[in-house]
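Here come two complexes built around chain A, the first alongside chain B, the second alongside chain C.
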Partner chain A sequence: MFLFYLESLMAVFPLFLKGLWMTVAISGLSLITATILGFLAGIGRSSGIKLLRYGIGFYVNLVRGTPFLVQIFVIFFILPEFGIHLEPFPAAIIAMTIMGGAFICEIVAAGMEAVPKGQREAAMSTGLSRYQQVRYVILPQAMRTILPPLVGQYVLLVKDSSIVSVIGVMDLTRVGWLTVQRIPEGMLVFGLVGIMYFAVCYPLIQLAARLEKRMSVGESRL
Partner chain B sequence: MINFTNVNKWFGDLHVLRDINLNVAQGEVLVVCGPSGSGKSTLIRCINRLEQIQKGELIVDGMNVHDRKTNMTQLRAEIGFIFQQFNLYPHMTALGNITLAPMKVRKLKKEEAEKLGREILERVGLSDKVDSYPAQLSGGQQQRVAIARGLCMRPKIMLFDEPTSALDPEMIQEVLDVMVNLAKEGMTMIVVTHEMGFAREVAKRILFMDEGQIVEIAPPEEFFTKPKSERTKLFLSKILTH
Partner chain C sequence: MLEYFNFRVIAQYLDQYLIGLLATGWISLVSLFLALILGTIACVMRLSKNRLISGVSAVYIESIRSTPLLTQLYFFYFGLPSIGININEVQTGILALSLNSGAYIAEIIRAGILSVPRGHIEAGIASGLSFIQRLRYIILPQALGVVVPPLLGSAIVLVKDSSLLSLISVLELTRAGQILTSERFMPAEGFFTTAVFYLVIYAALKVFSDWAQKKLIFREAH
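For the complex of A and B:
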């Protein structure tokens, strides 16, 4: 029986590859957009404009205080009530961007805060504008602190992308879910799904670990 | 050049500057001393608005420092500020550190800025350290790069906040030498320091502060030989005996 299932699983294997591709596409795209949003928000959070700081703080807390599943439902099922209709794919990207952006914002803000305040004072004293202080002095130094957890966040983003299957995106998880209804060998089907996720995440985990190590070596040199 | 009129500053409940009235003329070297917590660092940090004042008026180079309309970037570009902890940018070479502001604020071309940077590094005796990173330099060398970074903006005023306090004793002189030269070239300087040898050599006046107030201000001769206030005498007896 097992062998039979294995054989039929092989028959639908191309579907899994398509699902994997969708997962990679969604996480890859939203990884880029979330990084842009997260950096902008993180830099904005350290700015002098109070309203902007509070606004960003509210956004981050809202995202951190609600389940991702609920965020997706809001975007996909509730926005149409207000006349905003989205296809599953763009809805997924938007949800992932908003969620990832909030966490990356926190990482960026923390990294910038870790730069000694004398650095900003020195830059300020030479007449650099706020933007120039961030661009040339603060951010390059903050990157050392930001990079390892940022890559860690990418791993989470890939895994969280599995949740977008609930709105009908044909990602890896959804392919697994549909397959298991025809081939009732959960262990086998979701084992394969798991392996495929792992294949995407593992290099990222390795990269994060390596960055972490390199950064800490660099730090002890200073 | 620098005018304090009834300047007051609080950190929360702490009254750190009390009714400061002070005039510093162009080309004058003023040394500020006093016990820790007396407000001497705060005094000079107000001049380029690293700290805000709450009351009074502070005019620097004709500009009202604490007026919202004042273009601070422009004013700060005219004031070099040297920190106790150097605060060099660790991710840039010595040359990178000192050419950043000339390129971004003064809009010099890269070659011009680097030419200027090399000249000024030579002036502080570091022409062989152009491509070194701060972590590869000694404390004294780092502080000299920091001074070069200030000078590279061709400032009208240089402020020094305990520039030698974080240095090993054998490195203090090399930094003081640079500062003495600067003073002799006619730079307007305010120096917070306890290096009384330096004060004696180049200061036009010495200011003694305690508890946020100016206790005494006098030319070096008078300051060291016949201080008026008891507080100054006590302070001098402590720092001059060793």
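For the complex of A and C:
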């Protein structure tokens, strides 16, 4: 019986590849949008404008304080009440962007705060504009602190993309869920799903660890 | 928007939400407790000089960290019955949650132990302290300051992750929102209320975590 299931699982294997592609597409796209949103919000958060700081702080806490599953439900089921109808795919991208942006914002803000105060003062006294200060002095130095947790956050994005399967996006987890209805070997089916996630996430985790080591070596050399 | 918000319905479903809140609370607590035990064991195994023992632990930690919780949950939910193990949804949920969180906690504890300088331990050995004394007076006091903040962070993550149990029909906070939504077709009332409950838990945990961190820093300074 097991062999029979194994054979039928092999027959639907192309579906799994499609699901993997969808997972990579969703996490890849939202990785870009979340990074942009996160950097903008992070820079805004460390700016001097009080209203902006509080606004962004509110957004970050709202996202960090609720499960991603609830955020997806809110975006997918409540927006139609206000006349905004979204297909599952764009809804998933929006939800992932909002969620990822909040976490990346925290990473960026922490990184910018880690840059010694003297650097900003020196930049100011050389007559650089606000934009120039951030662009040429603060951010390049902050990147050292930002990069390792940022890659770690990308791993989380790939893993959290599994949750968008609940609104009907045909990602890897959704394919597994549909398959297990017909091939009742849960360990086999979700073992395969897990291996495919592993293939994406494990190299990223290793990359984050290596970056962390490299960056801390660079720091001690200073 | 507030004039459309139907508070009466929420009041009707309030006991549903309270049951859900209670379930989210005790499931998270039990899972956290189990994860702490599991994480400590995995961490001790990981630091072992025996390659087989540390290898087993590494496989556990890496495979958990590289796959989404939802996949792990489905793996047990659909997989355990197919190998003849029948446990209910709540038990399956607690199993998946504590296995998941245990892997992260193992890494947190490992980072804490490795943060104690080797020389301190050697100095303890040289001055004739026993293993228990070294643990009690040298390793733990230093490691605790490194371990406690991320540990509280993973407690917050655990509470949010427990929302996924709603997908295997465990009645907790998110499920309560789903029930209201599907019975009354009021997603805004259903999911916003759920979100508010999570935010309250988050705020409470965050206040506690900030307080604990301050306490720790205070103690370290002495």
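The definition used in the following text is that the second predicted complex is superposed on the first by the 222 of 222 C-alpha atoms of A that agree within 3 Å, B and C clash if a C-alpha of one lies under 4 Å from a C-alpha of the other, contacts with A are read in each partner's own complex, and residues count from 1 in each chain.
Just so it is clear, contacts are C-beta pairs under 8 Å (C-beta built on N, C-alpha and C of every residue); 3 or more make two chains touch, one makes a residue touch a chain.
This is a predicted model, so every value here is computed, not measured.
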Q. Counting only touches as set out at the top, which of chain B and chain C does A:Gly191 meet: first, second, both, neither?
A. second
Q) Just chain B (first), just chain C (second), both, or neither: which does A:Gln153 touch? A) neither
(Q) Tell me the contact category for A:Ser27 with respect to chain B and chain C: first, second, both or neither. (A) neither
Q. Where does A:Ile205 make contact in the superposed view: on chain B (first), on chain C (second), on both, or on neither?
A. second
Q. When the two structures are overlaid on chain A, which partner does A:Val137 contact: first (chain B), second (chain C), both, or neither?
A. first
Q) Which touches a greater number of chain A residues, chain B or chain C? A) C
Q: Applying the touch criterion given at the start, work out whether A:Val70 contacts chain B, chain C, both or neither, answering first, second, both or neither.
A: second
Q: Examine A:Ser46 and indicate which partner it touches, taking first as chain B and second as chain C; both and neither are also allowed.
A: neither
(Q) Going by the contact rule set out at the top, does A:Thr97 touch chain B (first), chain C (second), both, or neither? (A) neither
Q.
Output the chain A positions appearing in both contact lists, the one against chain B and the one against chain C.
A. none
(Q) Applying the document's contact rule, which stretches of chain B touch chain A when the two form their complex? (A) 48, 50, 73-74, 76-77, 79-81, 83, 85, 87-91, 100-101, 104-105, 135, 146, 149-150, 153
**Q.** Complex contact set, residues of chain A against chain B
**A.** 116, 118-119, 121-129, 132, 136-137, 140-141, 221-222
Q: Would you pull the chain A residues touching chain C in the complex into a rising list?
A: 61-62, 64-70, 73-74, 77-78, 81, 155, 158-163, 165-166, 172-173, 176-177, 180, 184-191, 193-194, 197-198, 201-202, 205
Q. Where on chain C does chain A make contact in their complex?
A. 62-63, 65-72, 74-83, 160-161, 163-164, 166-167, 174, 177-178, 181, 187-188, 191-192, 194-195, 198-199, 202-203, 206
